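So, here come the structures, one by one.
First subunit A sits with subunit B, and in the next complex the same chain sits with subunit C.
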Partner chain A sequence: MKLELHRLKVNGLKLGEKTGFENGILTVNKAEILALISEDPLLGKNIDVDIAMPGESTRIMPVKDVIEPRWKISGKGQVFPGMISDVETVGEGQTLVLSGCAVLTTGKLVRFQEGIIDMSGPGADYTPYSKTCNVVLVLEPSDPNMDKHDYEKACRLAGLKTAAYLAKSCAGCAADSVEVYERPTIREAMNEFPGLPKVGYIYMLQTQGLLHDTYLYGVDVKRILPTLVSPLEVMDGAIVSGNCVSACDKNSTYSHLNNPVIADMLKRHGKDFNFVAVIVTNENVTLADKRRSSSYAAKLAAMLGLDGVVITEEGFGNPDADLIMNCRKCEQLGIKTALLTDEYAGQDGASQSLADSCPEGNACVTAGNANEVIHLPAMSKVIGYAEEANVIAGGWQGSLAEDGSITVELQAITGATSELGYTKLGAYTL
Partner chain B sequence: MAYRIVHYINQFYAGIGGEEKADYQPEIREGVVGPGMALKAAFKGEAEIVATVICGDSYFASNMDEASAKILGMMKEYKPDAFIAGPAFNAGRYGTACGAMCDAVSKAFGIPVISGMYPENPGVEMYRKSAWIIETPDSAAGMRKAVPAMAKLALKLLKGESVGKPSEEGYIERGIRKNMFYEKLAAERCVDMFTAKIKGEPFETEYVMPVFDRVDPQPAVKDIKHAVIALVTSGGICPKGNPDHIEASSASKFGEYDITGVNDLTSEKYCTAHGGYDATYADQDADRVLPVDVMRDLEREGAIGKLHNKFYTTVGNGTAVANAKKFGAEIANRLVADGVTAVILTST
Partner chain C sequence: MLRLITNNAGLHDSAKSSEYVDGSSLDVLICVRGLVHSGSIILTHPLCGNLRPNHQPFRSIIVDVKPGYVDLDSLSAIESAVNVYQSAEIIAPKDLDALTRADYAYIDAELMRESLGRYGLIRDERLCDAPSLRVKEV
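Right, the complex of A and B next:
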């Protein structure tokens, strides 16, 4: 299996006549995007497209998802399969990537778990999406009393369609760089690098319900048994986020496409270990589901003869139980684990950071304490609705001050404590 | 100008006497007394001990609230920038007094508080979250090692400089998690640690797995037909509009709501404040989380004594254990005071 990522490096963004890419600048025709997304009868009339650049005094909120524009220029299938494309498998051929660019969905709140992205100031240090050139969709439901599941889906599809459309519009441009990824079959992998440990990655996906769902080839992951996926399929958008757990530790579609754990494991493949497989699993709410999925994921790792697995969590609290079950069951089968999570240690950092634990979890990296409080000074421009600061997870009544500044826990900042490890934040014990 | 320090010592280090003088009542003296001399030297003029509080260990232990209130009152006029207590080495009552005073001063004045103790001093376990406690040897022979470390940490805190890890600064781990930006992405740090673990090389976890309190389930209610049963939930059910603004995550409060005469939680009047689950079904019918309707049926059928006329609610999502514990204790007290004999706890 071979995939080439053809990267166009987006350094600038402007609204203009014709959507396309030239000299590092992505031009976006607003009317085209509006026409594309307003096809959906679930979205209202009052929708907008805006842009936000790194360093600007701009705040975007409440943010639902972040998506990197990609489009397959050759090979079977198309990006975001089962969502906006056919269900054909992806991960082969050539995929165009608008690097440094992101599509953000914002607008009327679906539910409390949506986030803030500041393009400058102290908040910008905490979110990876302050460094991207952002095309922002401001959305609303066509009926204010619409079922929230429907509105969430409409927002999700608008973002994916826009991301694919932007990349598609640049399909004729020559790439600034090309990365080539080649993955062996399992049979080949078993014979590669004798002497190196065989390892895998247990990729936990958030599946607790509305705004807590993730999709694999369009299938709601809460309905799957753990299964195998190629890193190359992930790069083509096989995994799509439909959730905000809390904004800080939602794994955005952007961070799935650029999964840094996969990137780092591919880098070390053949040197420190033989990276054989990625196992995706879910985080359902019932105990039976948790037990079934963790046993099944550990069993897959054992069937493949893995010596160790990296396990990443998505979310906190309830899914801590899934993380710990995955860890304990793998370790009991002789498969060594390292865990990637984040912490809810209270605003003072003095409470227990996780809701579950096991002695086997002795190699644990965290992306920081999401309860820590941050003050975000007022910005000259707000795209979306600043008043939602008072109700989103991580905020409280009074989070938005009269001067436009916002005081919230880090959990309200999109991607701040990414459990795919997409930030440099961490914590230590005083 | 030098920073202003108030120093706390016991009767022994003040040269007043040993055990026979341990009931010595608190007093404050201007300037340096006893081990304050060594502290003063270590500050090299950057900070000044403006006053020294002296209190007998037994007196403090037997009159904790009164003694600390009195000492806080005495200290006020000296306008301290920081408070240093001890070092207490392995002296148990002295360590406890140092810790308690650090805690009280920190709460009253919001200034840095520093002590020094041997790790096994009972004051450490009780107050390590409230104070910076420099690790010392077990006896006063370690004074020369303890004092410079205490002074150095005090100056750092006074200057607002960031404090390093316990091993770097010499204090006893407080168990407080603090964020920092690392050199590498969390993903790379995790794969690094993973690689070390599978190769059998040494590695240091970034977070030591927590230990939890375990609560044994209560025995079954003996006389359910006469039980007064309350409903308590962490599922966020509240009157529509969330009048007390209970947070969607990391709750700072709980709500108490009267349900006298309420037989059913309808979507017109109730909803959830919770931001951690699919609230659609709770908003449609809050009885799904807080089963008032079923409890009223049982009440009518005589299967239970009665349903308590108030319910208690908070949001469990991302809420710190310390807050949850505080809410639990307060709710339990109110239930007991109201004569409730059994509780149904629902979560989501």
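Right, the complex of A and C next:
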């Protein structure tokens, strides 16, 4: 399986007559995007497209999802399979990527569940999406009493369609760089690097219900048994976020596409370990589902003869139970684990960080304390609805001050404590 | 016997077999702990959603009441959840304005919808629908 990522490096963004890419500048035809997303009768008339650039005094909220524009220029299937394209498998051929560019969806859905992105100031340091050239969709439902599932789906599809449209419009451009990824079959992988430990990745996806969901090839992941997926399929959008819940640690579609755990494991494959497989699993509500999925994921790891796994969690609270079950069951089968999570340790950092724990979870990496409080100064421009700060998760009544500044927990900032490690702040080994 | 224990009035109305707890999310957990002590198996995890647990004004848990049978896994899960909820100040439904309260109640119901359906506890699907799901005034 071989995938080439053809990257166009987007350094600037402007609205214009024809959507296309030239000399690092992505020009966006706003009318075409509006026409594209207005096809959906679930979206209202007062929808808008705006742009936001790094360093600007701009705040975007409430953000639902962030998507990197991608489009397959050759190979089977198309990006975001099962969502906006056919269900054919992806991960092979050539995919165009608008690097440095993102599509953001915003608008009121379930008020407390969504996030803030500041393009400058102290808040910008906490979100990777302050450094991308952002095309922002401001959305509303056609009927204010619309079922929230329908509206959530409409928002999700509008973002994906726009991301695919932008990249498709640049399909004739020569890439600034090309990355080539090649993955062996499992049979080949088993015989590679005999001196190195066989390592896998257990990729936990949040799947509890509305705004707590994730899709694999368009399938609601709460309805799957854990299964194998190629890292290259993930790069083509096989995994899509079901929009935002608790903005700091719901994995955006962008962070799935650019999953840094996968990226680093591919880099270290053949050097430090033999990266054999990715196992995707879910985080359901019932205890029976949690037991079934954790046992099954650990069983798959054992069937593959893995020596160790990296496990990433998505979310907090209830998913802590899934994380711990995955950890304990793998360890009991003799498979070493390293866990990646974040913490809700209270504003003073003194409370218990996770809702569950086990002695076997002794190799654990944190992406930060989501309860830490941050003051966000007023911005000149707000795309979306600033008043949501008073009800957003991580905010409280009075979070939005009269001068337009906002005091919130990091929980409210999109991607601030990404449990895939897709964050701007962190510790690096030099 | 399967039973929903909840402080979410709208969800209580929509379930076939339900006990309404007029109180906070912690009160729901304490009620469930009592049931586990007297013989009940917890079917849905006592922590739910993606908020800091003590910031969840509503909590809904499905149990299988089996008088006299003490399930140690359930006991461990509920004791651990009570400890988590007691670790910080609880936001109670009465602390919130009506719109925000309705949003929290809605998400609580959404997170339980699949499980209620699976265990055959939905009495009236329409009551789980968005426009009709309202919190009783507190």
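Of note:
Basically, the second predicted complex is superposed on the first by the 420 of 430 C-alpha atoms of A that agree within 3 Å, B and C clash if a C-alpha of one lies under 4 Å from a C-alpha of the other, contacts with A are read in each partner's own complex, and residues count from 1 in each chain.
Keep in mind that, in the parts below, a residue touches a chain if its C-beta (ideal position, glycine included) is under 8 Å from a C-beta of that chain, and two chains touch if they have at least 3 such contacts.
Predicted model only: the values in this text are computed from it and were never measured.
On the superposed subunit A, the positions of subunit B and subunit C overlap enough to count as a clash.
Legend: residue contacts after superposition of the two complexes on their common chain; A:P319 is shown touching subunit C, with no touch to subunit B.
Applying the stated contact rule after C-alpha superposition, one finds that A:K222 touches subunit C and leaves subunit B untouched. In the superposition on chain A, contact is made by A:Y428 with subunit B only, not with subunit C.
Of the two partner chains placed by the overlay, only subunit B lies in contact with A:R268; subunit C stays clear of it.
Look at A:E343: by the touch rule set out above, it reaches subunit B but stays clear of subunit C. In the superposition on chain A, contact is made by A:C358 with subunit B only, not with subunit C.
Once the two complexes are overlaid on the shared chain, A:K2 sits clear of subunit B and of subunit C alike. When both complexes are overlaid on chain A, the residue A:A393 reaches subunit B and subunit C alike. Annotation for subunit A, partner touching more residues between subunit B and subunit C: B. Shared-chain residue A:T286: touches subunit C; no touch with subunit B. When the two complexes are laid over each other on chain A, subunit A has residues 111-113, 147-148, 208-212, 245-246, 285, 316-318, 344, 346, 351-352, 370-371, 391, 393, 397, 411 in contact with both subunit B and subunit C.
Contact residues of subunit C toward subunit A in the complex are 42-45, 47-53, 55, 62, 73, 77, 80-81, 83-84, 87-88, 97, 99-100, 103-104, 106-107, 110-115, 118, 129-131.
On the side of subunit A, the complex with subunit C involves touching residues 110-113, 145, 147-148, 206, 208-212, 222, 245-246, 249-250, 284-288, 290, 315-321, 344, 346, 351-352, 355-356, 370-371, 391, 393, 397, 411.
Within the complex formed with subunit A, the subunit B residues making contact are 129, 163, 165-166, 173-191, 193-195, 197-199, 203, 205-212, 245, 247-250, 252, 275-280, 316-323.
On the subunit A side of its complex with subunit B, the touching residues are 111-113, 125, 147-149, 197, 199, 208-212, 245-246, 259-261, 263-265, 268, 272-273, 285, 307-308, 310, 312, 316-318, 336-341, 343-354, 357-359, 361-372, 390-397, 409-411, 418-430.
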